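Below, chain A partners chain B and then partners chain C, in two separate complexes.
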Partner chain A sequence: MMILQQLRHLCRRLLEDGEVQVVIGYGQSRPDAPAYPIFITRADDVDRLVWSDRCFANLTAYLTRKEIRALGKPAIIVKGCDERALVVLENESQIERSEIVVIGVACEGVGLPKCAACDVRMPRTTNMVVGEIDNPDVPATDRYAALDAFMARSPADRMAYWQAELSRCVKCYACRQVCPLCYCQRCIVDKNRPTAIDTSASLKGNFAWHITRAFHLAARCVGCGECTRACPAGIDLMLLNLATARAAENSFGYRPGMDPEAEPVVGSYRERDQEAFIR
Partner chain B sequence: MTSGNGFEPKIVAYVCNWCTYLGADLAGTNRLEYPANVRIVRLPCTGRIDFNLIVKAFEMEADAVLVSGCHPGDCHYTSGNYHARRRWMLFRELLDTLGIEMERIHFTWISAAEGRKWQQVISEITEKTRQLGPYQAYRKVCEA
Partner chain C sequence: MSQTISRPALSRLVDAWISAGHMVGGPVRVKSLSQDRWGLAHFAESSEQNVPVPLSRRGFGLGSKDDLVQYRPLTAAGDLLLEGFIRPANSIKEFLFPRHEKLYGYRIAGKQIELTEAPLLEREQILVGARPCDAASLPILDHVFHWDCEDVFYSRRRQRTTIVTLACRNHDEHCFCTSVGLAPDAPQGSDAMLFDLGNGEYDVRLLTEKGRRLFEGQTQSSDSEGKADPGPERTVDVEAIRHFLDNGFDNPAWRQSALRCLGCGACAYGCPTCHCFDIADEGNAAGGWRVRNWDTCQAAMFTMHASGHNPRPMQVQRQRQRIFHKYRVYPEKFGVVACTGCGNCTRSCPVGLGVRTVLEALQPEQTS
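Let's turn to the complex of A and B:
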C-alpha cells in the first residue's frame, strides 16, 4: 500500500506542476484481474492508478506510439525488467530520456516464470524509485533453464513441437504489438512488394513470421516475456527469443538493456569473432 | 550424376558478387566440373544476405542452402562479412532451437581465386545432401 500512496502522490505532483502531460501506469478493474495500461492526463484521476503483483504489462511499448506521443511529455511506471527495454530504446535512438520521466518501482516479482530468475528487482537508471526490496539477493535459478530443457530434446522432436505449436497461430500479431522493441513504423510483414513473408496463417506463413519476429529481436530482446503472455493461442514465443539471448550472452557477454554503455552485439563486430561453423 | 535412389537435391547458394561469385566463375573458365544441383543467387555482399532468403529457399523446396562470401578482411565494403558472421552466429542458434536440420545450412568463405574450393564445396554439399535425402520436414511445413 505504501508504494501505491507514494506513486499516486508523485504522479499527482508531476501532473499538477505540468512537468508531464500524461502518466502511463497500471489500472485494475478487480483485485484479482490482471492490471491494464491506463493513461492519466488529469491530476484528479491519479487515484485510478494501482500497484499490485498483477502488474504484468511492460508499459514501455507505448512510449514509441504516435498516439501516445501526441498526448505530450509522459511519465511512465516501470519495473526493473521493463526498464531494460528503455535502455535498448534509448540505445537505438527511439526515445530521449530527457523527454520522459521514468518512475521505477521496486518489484519482488509478479509471479511470472521470468521472475524466478530475476536479477533486476531494483530499477537502476530511472529518475526515481518507489519502494524497497526486502531481500536483495539474486535468485540462483538459471534464466535459461526452460531453453536447456527444451534443447535436450532431439531436433526432430523440436521441429514437431513447433509444428504443433505454430499451427495454432492465427497471425493476430499481438506478439508484435505488445513488444516494446517491435517499433517499426511499417513491419516487414505488412509490406507486399515483394512479399517476404507469406501473410496467410498457414504453417508455412507462421514459421516465416515467427522466425522473422524472433530474429529481429536477436540480441535485442530484454526478456520481458510479453509475447508469450499476449499470445491468445498460448504459444511460448519467449522460448525462441531465449535462444538468441543466450548466444549473445555466451559469445559476447552481452545482455540487452543491462548496461547502457555496452556496445550492442548486432551492428558491431570484432575481427576475432569466432567462426568455427564457417568453412 | 544420379545416386542409388535417384534423388537429386536442390541446393541454393547465396553468394557475394565480389568473391564467391567470381570463384564460381573461375571454376567455370578453368573447366572445373561441379554438380549442377546448385542454383547460384548473386547478391552484392554477404552483409546483404537477409536471413529471410534462407527461409525462402527452404520454402521453395531447397534441400540445402549455402551462404558464401569474401574471407574476413577481404570484404569489398570493408565490413559486410563481419556483420554477416555475427548475424549467422545468432541465426543458427534460432534455427537450431526450431529444430531445423542444421546439416543442411552451410557457410563458407570462398575468394575470387578459389575456383577449386568452390568445386570441392559444391561437390561435398551435394553428396552430403544426397545422403540426407529430401528435406521432408520443411516441405511438410509448407504444405500444411
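Let's turn to the complex of A and C:
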C-alpha cells in the first residue's frame, strides 16, 4: 500500500507541476483482476493508478506509439525487467531518456515464470524508484532452466514440439504488437512488394515468421516474456528468444538492457572485425 | 418427454463418426499449463488431462493462461472436453472459414498459364460441444458469404457441417450473450443441442433434420429436462449503442478506450463473426497458389492503399471501425448484429480490451 501511495503522490506532483503531460501506468477493474495499461493526463485521475503483483504488462511498448507520443511528455512506470527494454530502446535511438520521466517500482515478482529467475527486482537507471526490497538480486532458478529442459530432448522431439505449437499460430501478431522492441514502422512480414514472408498462417508461413522474428530480436530481446503472455494460442514464444539470449551471453558476454554503457552486439562494429561483410 | 444420451454412449457415437471418416471437431484441452508455463514438463496430451481448473483463472490474455482449450479436430472421443471451462479460446469459424485457404493454383510455362481449382471439402464435418455463441455466428456469417456472390468454399463447408451445441452451464465476467439477444441455450445455428443433466446424461434436443439424422436411434426417452445457465446479466443495450453510433462517429470517447489498444488481431481471430480476409499469391514465377488468409481491421496495413495513403492511420479509427462494423454497418445491411457476445475478444486481448469493455466505456456517452 505504501508503494501505491507514493506512486500516486509522485504522479500527481509530476502532472500538477507540468513536468509531464501523461502518466503511463496500470489500472484495474477490481482488486484481484489482472491490471491493464492506463494513461493518466489529469492530476485528479491519479487515484486510478494501481500497483500489485498482477501488473504483468511491459508498458514500454507504448513509448514508441504515435498515439501515445501525441499526448506529450510521458512519465512511465516500469518494473526492473521492463526497464531493460528502455535501455535497449535508448541504445537504438528510439527514445530520448531526457524526454521521459521513468518511475521504477521495486518488484517482488508478478507470478510469471520469468520472475523465478529475476535478477533485476530493483530498477537501476530510472529517475526515481518507489518501494524497497530486502533481497533484490537473488534469482531462485537459472534463467536458462526452461531452455535446458527443452534442449535435453532429442532434435526430432524438439521439431515435433515446434510443429505442434506453431501449427496453432493464427498470425494475429499479438507477439509483435506487445513487444517493446518490435517497433519497426513496417514489419518485414507486412512488406508485399515483393513478399518476403508468406502471410499465410500455414506451418511454413508460421515457421518463417517466428524464426525471422526471433533472429530480429537476437541480442536485443530483454526477456520480458510479453510475447508468451499475449499469445492467444498459448505458444511459448519466449523459448525461442531464450536460445538467442544465451548465445549472446555466451559468445559476447552481453545481456541486452542490463548495462546502458555496454556496446550492443547488434548495431556496433569495429574496423578490425574479422568478418568481411562488415567492411 | 425428452430424449437423453449417456456420456459413454455419446463417446461411442463420436468414435463411430470418426471411424466413418467424418471430420469431428470439438473442444480439446490443448495444453495444461497450471504449474509452469515455461517449463515443458507440464505439457501433457489432452486426453490424459481431464482435470478441471478453477474458472476464474482460465484463458485470460491479460493474465497467465493456466489452461488452453480450443476447438480442434478430434482423433478420438477421449479428446472431447465437455466441462470445466467457459468456452474455447478460438471459435468454430475455423472449420467453415479457415485462417488459410487455397482458392486456386496456377502454373506458368512460357505463354501457357494453367489454372487448377482448389479442392472443396468432401468429408462431412460434425462439431460437437460447440457453444451456442459459436453456433449463432453461422446464420450471421451466411449473410455476408451469400451476399453479392456465393462463396463456394464457405457454403460447401456449411452444407457439410452439422453442429451439435452444448448449452452453457456457467459464464464468466466476459460473457454477454444476453445483451445481444442470445442466451446460454440460444438455438440459432445449432442442429442439435445437448443439455448436461449433471448425472452423466445429456438431454438431446433435435433442432434440424441434420441433427435428427445424427442421433437417430441413439437416444432414450426420459422425463429429465435439461436447463441452461440463466446467463450473464444484460450489461450492454444494443439499441442505445445503435443510437449512439448514428451520431457518435466523432465522439471523443473513442479515443480514451483506444489508447491502450496495441493493434494486434487477437480479438478478431478469436471472434466467431469476424470474417475479413486478404488475398495473396504464394509461389514463384513458375507457379503457386492464390490464397486467402484472415485479416483484421485492427492492423495498420488493413486499409493501406497502393498510393501509400491510409484512410485509418490511427488505432482509434481502427477500433471504432470494428465496433461500427459489428453494431451498425452489419445490422443495416443484413438486419443482424455481428456479435454473439461470446467475450473471446476480451479474454484474448493482452491489454484487457474487447467489444464489451469498449461498449461499456462508451455507455455514459450513449445516455448523455
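Going forward, the second predicted complex is superposed on the first by the 265 of 279 C-alpha atoms of A that agree within 3 Å, B and C clash if a C-alpha of one lies under 4 Å from a C-alpha of the other, contacts with A are read in each partner's own complex, and residues count from 1 in each chain.
Rule of thumb we're sticking to: contacts are C-beta pairs under 8 Å (C-beta built on N, C-alpha and C of every residue); 3 or more make two chains touch, one makes a residue touch a chain.
Being a predicted model, the structure only gives us computed values, none of them experimental.
A.B. asks: Please work out whether A:A174 is in contact with chain B alone, chain C alone, both, or neither, and reply first, second, both or neither.
C.D. replies: second
A.B. asks: One more residue to check, A:A61. First (chain B), second (chain C), both or neither?
C.D. replies: In the superposition, A:A61 touches chain C alone.
A.B. asks: Once the shared chain is lined up, is A:P232 touching chain B (first), chain C (second), both, or neither of them?
C.D. replies: A:P232 contacts chain C only, not chain B.
A.B. asks: Who does A:F150 touch here: chain B (first), chain C (second), both, or neither?
C.D. replies: So A:F150 meets both chain B and chain C here.
A.B. asks: Contacts for A:P34 in the overlay, against chain B (first) and chain C (second): which applies, first, second, both or neither?
C.D. replies: The answer is second: A:P34 touches chain C but not chain B.
A.B. asks: Can A:G131 be said to touch chain B (first), chain C (second), both, or neither?
C.D. replies: A:G131 sits against neither chain B nor chain C.
A.B. asks: Pick one for A:G257: touches chain B only (first), chain C only (second), both, or neither.
C.D. replies: neither
A.B. asks: For A:V265, select first, second, both or neither according to whether it touches chain B, chain C, the two together, or no partner.
C.D. replies: Touch status of A:V265: first partner only.
A.B. asks: Classify the contacts of A:S200 with the two partner chains as first (chain B alone), second (chain C alone), both, or neither.
C.D. replies: It touches chain C, and chain B stays clear.
A.B. asks: Residues of chain A that sit at the chain B interface in one complex and at the chain C interface in the other, please.
C.D. replies: 150, 161, 198, 202, 239
A.B. asks: List the residues on chain A that touch chain B in their complex, please.
C.D. replies: Listed in rising order, the residues are 147, 150-151, 155-163, 167, 188, 196-198, 202-204, 207-208, 211-212, 214-215, 218-219, 239-240, 242-244, 246-248, 251, 265-271, 273-275, 277-279.
A.B. asks: Under the definition above, what is the set of chain A residues touching chain C in their complex?
C.D. replies: 29, 33-39, 54, 56-57, 61-62, 65-68, 111-114, 145-146, 149-150, 153, 161, 168, 170-174, 176-178, 190, 192, 195, 198-202, 205, 225-226, 228-230, 232-234, 236, 238-239
A.B. asks: Okay, in this complex, where on chain B does chain A touch?
C.D. replies: Touch residues, chain B against chain A: 50-52, 55-56, 59, 72-73, 79, 82-83, 85-102, 106-109, 121, 137, 140-144.
A.B. asks: Okay, in this complex, where on chain C does chain A touch?
C.D. replies: 30-31, 33, 36-41, 60-65, 68, 70, 89-90, 99-100, 258-260, 262-266, 268-270, 278, 280, 282, 291, 293-294, 296, 299, 301, 314-316, 348, 350-353
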